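The two complexes that follow have chain A in common; it is paired with chain B in the first and with chain C in the second.
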Partner chain A sequence: MNNKVQVVVIGGGATGTGILRDLALRGIDCLLVEQNDLATGTSGRFHGLLHSGARYVVKDLHSAEECIQENKILKQIAPDCIEDTGGMFIATKNDDPGYIDKWLAGCAQAGIETKEISPTELLKEEPALTPDVVKAYFVPDAAVDGFTLAAANVLSAQKLGAMARNYTKVIGFKLEKNKVCGVYLKDKYTGKEELVECQYVINAGGAWAGQIAGLAGQNINVNPDKGVLVIFNHRITNRVLNHLRPPGDGDIFVPHGSVTVFGTTSKVTNNPDDTEATLEEVLELLAEGSNLIPDLKNMRLIRAFAGVRPLYQPDGGQLGREATRDFTLIDHSQLTGLEGLVSVVGGKLTTYRLMAKAAVDFVAEKLGVDKPCITHQEMIYAPVPKNGAKPGEYLCQCEMVSKKMLDQSIEGKGHFSLSDVRRLTRLGMGPCQGTFCTFRATGYYHQSRNLKVTEANKLLKDHIEERWKGSKPVLWGQQAQETQLTRGIYLGLLNLERLESDNNEL
Partner chain B sequence: MSNGNERNLDHCLKCSTCHTQCPVVANYPDFPGPKQLGPELERLRLAKGQEKPLEIDESLALCTNCKRCDIACPHGVKPSYYNMKNKARLQGQSISKFRDWILAHNICWGKIGSKIPGLVNFALKFPLTKSVMGLMGIANRDFPKYLKQQIKIRNSKNDKKVLYYPGCYASFNEPEIIQATIDILEAYDFQVELASVNCCGTPVMSNGLLDEAREMAIKNTGVFLKYIREGYKIVTTCSSCGLTLKEEYTNIIPGTNSAELKQNVWDLFELLEEEEILPFNENKEKIKKAYYHVPCHLKAQGIGVPAANLLKKVAVKDLIIEDNYCCGIAGTFGFKKEKYPIAMAIGDPLFKDIKNSQVPFVITDCGTCKLQIMHGTSVPVKHPVVILRDYLKNSDTEKF
Partner chain C sequence: MNYDVVVIGAGLAGFSAALAAVKEGKQVLVIAKGMGNLYSSSGYIDLLGYYPTTSKKPVVNPQKILDSLIVENPNHPYAKVGKDIIIKAFNDFLLVSEEMGLPYTGSLNANMMMPTAAGALVPTTLYPKSTDKKITVDREIVVVGIKELVDFYPAYVAQNLELQLGRKVKPLWIDLQLNISRELNSYDLALALEKPQVRNGLIDQLINLNVRDSLILIPAVLGVTRWQEVISNIEQSLNCELLEIPTLPPSVMGYRLAESFKLYLKNKGVEFIIGYPVAYAKFLDGYCEEISIYTANDRLKKIKAQNFCLATGGILGEGLQVLPREIKEDVFGLPIQVPREYSLHDFFSLEGQPLSYAGVNVNDRLQPFDPQTKETLLKNVFVAGATLAGYDPFVEKSGNGVALTSGYKAGLLAAKGGILNE
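Let's turn to the complex of A and B:
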């Protein structure tokens, strides 16, 4: 590849990919590097809520205003990535009625449209809700698919000549006279190291931003904050459900495709890779959620996972729920005199485009590019559209993933895992958690891509192991039975443990 | 999502046992099958807010509603529940809609046909009628003959009371079944009343007219409950009618009424078995050999094979009891032109088995199974109640 670009973007989450697209739209030559696959960090490990901002109106009005502005823009430019489910806030008889007035006033001030609905009417439309609802309001929340969003941003940027490399880790910076002038990269598949020279680096590493800045000797105070989420087998409500009270644990339900994502918790962690959900955290969530959905504990859970919020406090201020959801642009030349590096930290997926704009505005000025940001006007599209197929061509029946979609999801990729495919297609995200589609997809790729047997076996093993990881914290009831079936098929029938396969430290 | 049957989808492990039991899957590989059409796709339908059917839902028209998937499921999921519900949402072409409506309302044609059977039966054989029906999408096959018969009923008072619900097939096409049932019940001291004939709703439901079926269910349940509360047992001799009264009503009109009805509906042979009232003289000469075909809807009732057990015990020396096959007709399914080849393919192994067994006749409880088996094998088919009544008439002459 060309070892010289104007700007290197580090981090393939929503923010990084948004920055890449913004740079490309302004004609700036750029490269994005991501240590894993796109959106494998926080952008793929959250509740999938496109905030209306209503959650933040009382404590964090500025965040709320940004959210509603971006909510409207993203619904326009990224319909492939968003399902406009609408949202609702409900207060039960146990909640503080005083908070409702503050909340309504906040919504009005932030320009978030609210519409009251009577509890009786609401229960007809959403029968799973608690009968204890006393007040309910509709807000313009929606569901957003972080995986598709990141991939759509990259696709849009690539069409304009930008480059993106996943499974490529930054291992160091080339510094000259207190200026960053390149990044040292390591390809995780081949182990090959190389230098890419550039004029500017944008660090959009999210929860890893502190570690990345550390490679350049910079110290930024990113506080990784772990949030646990669980996935239910079906849609419990038709709209996003929020608890009308000060933001806390277990008060957001997002109907996402065929499932419901429910969360979250908030716990400070010192490790951005801490994405394991524990049984204890899951049980705490369920207890909290039962206040809104009384039958919750009887519903089938298919998975639990955790994401790490990249909260940022410049002077080591508030942590956890009290920390601001605002984002910050750190110009390292202001901080330590180091030129050529800017870090964008904090924030949330809903405002990713705004963060990207701020970062690119800053860098463009440094580079002397005066083109304005137009990311709010240009449409983005999913790289793997849902498409119809004949019965029998669906390899994942839970989520209706066809052979054609499997082909599209690996177009132009040398290496891929079934997890990479999954993020773009929802392969294996249904109730059987890959039990039936993993061997089908492996067989399909083995044949269509001429894979060696050991390569194909690796696809199989990696995916099954990855799926098991998420089922572990919810192994009771139907999912425990499901897992036994999975074990029977893979350990019994296919002898998975003794299958010869490629081994790769991914 | 509400509770009950809807929530059942959470129990599906995708084990595919239902898939292996679906007669349509076995004969038409493009059919997505009960697992996918039922609990799998229902999750995606919920996601679409039930607004419009999914594209793949068109293949629901191929579900025969045989219910083999329901009893196959080790976790109690009922794919047929989702299939019936979602079939009702399909748009379809108007010509086949019209055809389906005609077939669904066999009660109307039965009422006319059984009044003037000679004329109607002649007309049904007439080539022009056949070609018009062909244009409407009705398969070119024999229709059951309409028959008119005066039913003799004593109406004597007794403590043991039965309301007999014969259903459309017995009423319009084979009244002999009605007479035989009454003869047996009365011989053993039951007070029998004949329910005024209204369709139970099976054909209406399987042709996607769910709202209409619901209305029928409410009306019929009201009538039955009046009798039940006066101490009557509801007796059926049609497997599909029996299943509908017992199971389907609890699905389409859930509540205490349908639950109470379910507790009081008996298949005739289930009742005879339970009451152990038939005094049999085992010395009488038995029928040598016959083949008993278990209708899918009898299987789905979960009561075993009471008619076959009884006949095997007392009346037939060598009775082959076979529950492995679906005959393929599935009520009105096999009368539809585009589905006729599938119906015949499903029935083919059964036809072969019957022919290989070299039996003089076949016994089965279901009227449409009978039509299909006769169509596929040319072997005569009889209802078990007719066999039993004739046998008892010869052996227990005092009672008859």
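Let's turn to the complex of A and C:
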């Protein structure tokens, strides 16, 4: 590859991919590197709520205003990534009625449209809700798919000549006279290391941004903050459900395709890789959520996992929920005199495009490029659209994934895992959690990609292990039963555990 | 309603219990909330495939290994059943399978290695006679996939087999060109292949592919009830041997066994009520007197019996309900020891999963007992199959073996009021 670019972007989450696209649209030569696959950081371990901003109106009006602005733009430019479910805020008889007035005033001020609906009417449309609803409002929330969004950003940038490399980790910076002039990269598949020279580096490492800046001797105060989420095997409500009270734990339900994502919690952690949910955390969430959905404890959970928020505290400010959800651009030359590096931290997925704009405005100026940001005007598209295949062509019936989608999702890729495929197609994300489609996708790729059989065995086992990891904290009820069925198939029936498979560890 | 023996559960364990009891001349009722797991399982009866479970090599002679297992694992269901009954249950099943019209074969002294739909070889003990074909034959081996079936990939099977057999295995696809508007599963295809014209299409394609005289491995879709006719028709037309490979659920080979066994029991006078869970049980002085079910329109039906067999299939069969920190036995509320951790790190761990080992603890008469006090909890209840504690059928490859043998003993004990002489 070309070992010189103008700008290197670190991090393949919403922010980094948004930056790559913005750079490319301004004609800046750029490369994105991501240590794993796109959106495997927080942008793939989040709630999937395209905020209307209503959650923040009382405490953080500025964030709320940014959210509603971006909410409208993204619905326009990224329909492939968004399911416009609409949202609702409900207050129950146990909630503080005084908060409702403050909230309504905030929404009005931020320009977020609210529409009241009577509890009786609402219960007809959303029968799973608690009968204790006293007030309810519709807001323009929506569901957003972080995997598709990151991939769509990259696709749009690549069409303009930008480059993106996944499974490539930044392991160091090349510094000269107090200026960053390149990054050292390590390919996770081959272990090969190389240097890419550049004029500027944008650190969009999310919760890892502190670690990354540390590689250049910079000390920035990113506080990883862990949030637990659980997934139910069906749509509990048709709209995004929020609890109308000051933001707290376990008060948002987001419907996504055939499932519901519910959460979350907030706990300071010192490790951005701390993404496991514990049984205790899950049980606490469920207890909280039962206030909105009384039957919650009897519903089937299929997974639990955690994401880590990249909260930024300039100088030892608030932590956890009190911390600002605003984003910050850190110009390291201001901080320590180091030129050529800027970090973007904090924020939300909903406002990723604004973060990207701020970072690229800054870097463009440094590079003497005066093209304005146009990311709000150009559409982006999913690389693997849902396409109507002929009956008989679907290998995953939960999420309707066809053979053609399997082909498209690995186009041009040398290595791939079924998890990479899953992020682009939703293969194995539905109620059966990969029990049937993992086997089918393996058989299909083994033949169509001419894989060595030990490679195919590894493809299969890795995906089953990955799905297993998420279901471990929720191994009860129907999920315990489903797990036994999966074990019956892969161990009892197929005897797969005894088959030889490749063991290159990623 | 009043019976000598009521069997709760319609899986292999329940059927086996009903068989043993009806042979003793008892009036038997099988009640279950649904069809058991046979419909998803391979139809093979694995006695013991790997011992200890972490062993890389399969068990060659299961009968011999049983001796050590019984000594080393006193809590394993086989230790509770005992070797004599295990042998008797297997031999009786072989005889009965002939009478059912679905003859099985195999020997307790030698496991048979059967190819799986992933191309692994799995040790099994009893298998339908129609699958009595050794993968080690001299004939050419061909694996045939059917385009309409999304659950079978011949090249994948063939290459994994090559790796283990060290010889060439040829993959082929055929397309039955059925005009269908959805993905077919094994059961759909098996029904289709009972039609002569569909079958002839398959035969013609196989002839064109030049696979005469070979051993043909094919997914188990060769007929639901008329499998004999389908298989021999193809074998004769091609002068080949056909070996069906059990598929992902629904499993046609499991279906054949479930349906044949049930019909056989019905003909012997066993009654069935399927579709309703046990609603409650009434106890008196350490005995179960009566159970009841809610039938259509919520009518409560009371069922009395001298003795009961509990064969509710564990977690998968829904006899055990797993809660976050507790496991409940559904029918009698028997105590279940909860493992400290439900699961190990790896899905494919050869140790098995702790959750899978959980179940009802029993004494040598298969009566439930309290693991703390060692007290027998119910004297006229005999427990069998996947509801038993102490084993993980999936790593050990013993699911249907435990179901068959413990079911048989539970049925005998229920017929004889809890005492077996000799």
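One rule holds for everything that comes next: the second predicted complex is superposed on the first by the 506 of 506 C-alpha atoms of A that agree within 3 Å, B and C clash if a C-alpha of one lies under 4 Å from a C-alpha of the other, contacts with A are read in each partner's own complex, and residues count from 1 in each chain.
Quick note on the criterion: a residue touches a chain if its C-beta (ideal position, glycine included) is under 8 Å from a C-beta of that chain, and two chains touch if they have at least 3 such contacts.
Owing to the predicted nature of the structure, the values given are computational and were not obtained by experimental measurement.
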For A:442, decide between first (touching chain B), second (touching chain C), both and neither. second
Which partner does A:493 reach: the first (chain B), the second (chain C), both, or neither? second
Answer with first, second, both or neither: which of chain B and chain C does A:128 touch in the superposed model? first
Counting only touches as set out at the top, which of chain B and chain C does A:368 meet: first, second, both, neither? neither
Partner chain in contact with A:457 - chain B first, chain C second, else both or neither: second
Once the shared chain is lined up, is A:472 touching chain B (first), chain C (second), both, or neither of them? second
Which touches a greater number of chain A residues, chain B or chain C? C
Is A:235 touching the first partner chain B, the second partner chain C, both, or neither of them? first
Which partner chains sit in contact with A:300 here, chain B, chain C, both or neither? Use first/second/both/neither. first
When the two structures are overlaid on chain A, which partner does A:255 contact: first (chain B), second (chain C), both, or neither? first
Residue overlap on chain A between the chain B interface and the chain C interface 391-392, 394, 397, 436, 481, 485
If you look only at chain A, which of its residues touch chain B in the complex? 127-128, 233-236, 238, 255, 257-259, 295, 299-300, 388, 390-392, 394, 397-400, 430-432, 435-436, 478, 481-482, 485
What residues on chain C touch chain A, complex-wise? 37, 40-42, 56, 116-122, 148, 150-153, 155-156, 159-160, 162-163, 180-184, 246, 248-249, 251, 314-316, 318, 321-324, 342-343, 346-348, 350, 353, 355-356, 393-395, 397, 399
Could you please specify the touching residues of chain B with respect to chain A in the complex? 1-3, 7, 9-16, 29-32, 35-36, 40-44, 46-47, 49, 55-56, 59, 75
Provide the residue numbers of chain A that touch chain C in the complex, in ascending order. 279, 282-283, 391-392, 394-395, 397, 436, 439-440, 442-444, 446-447, 453-454, 456-457, 460-461, 464-465, 468, 472, 475-477, 480-481, 483-500
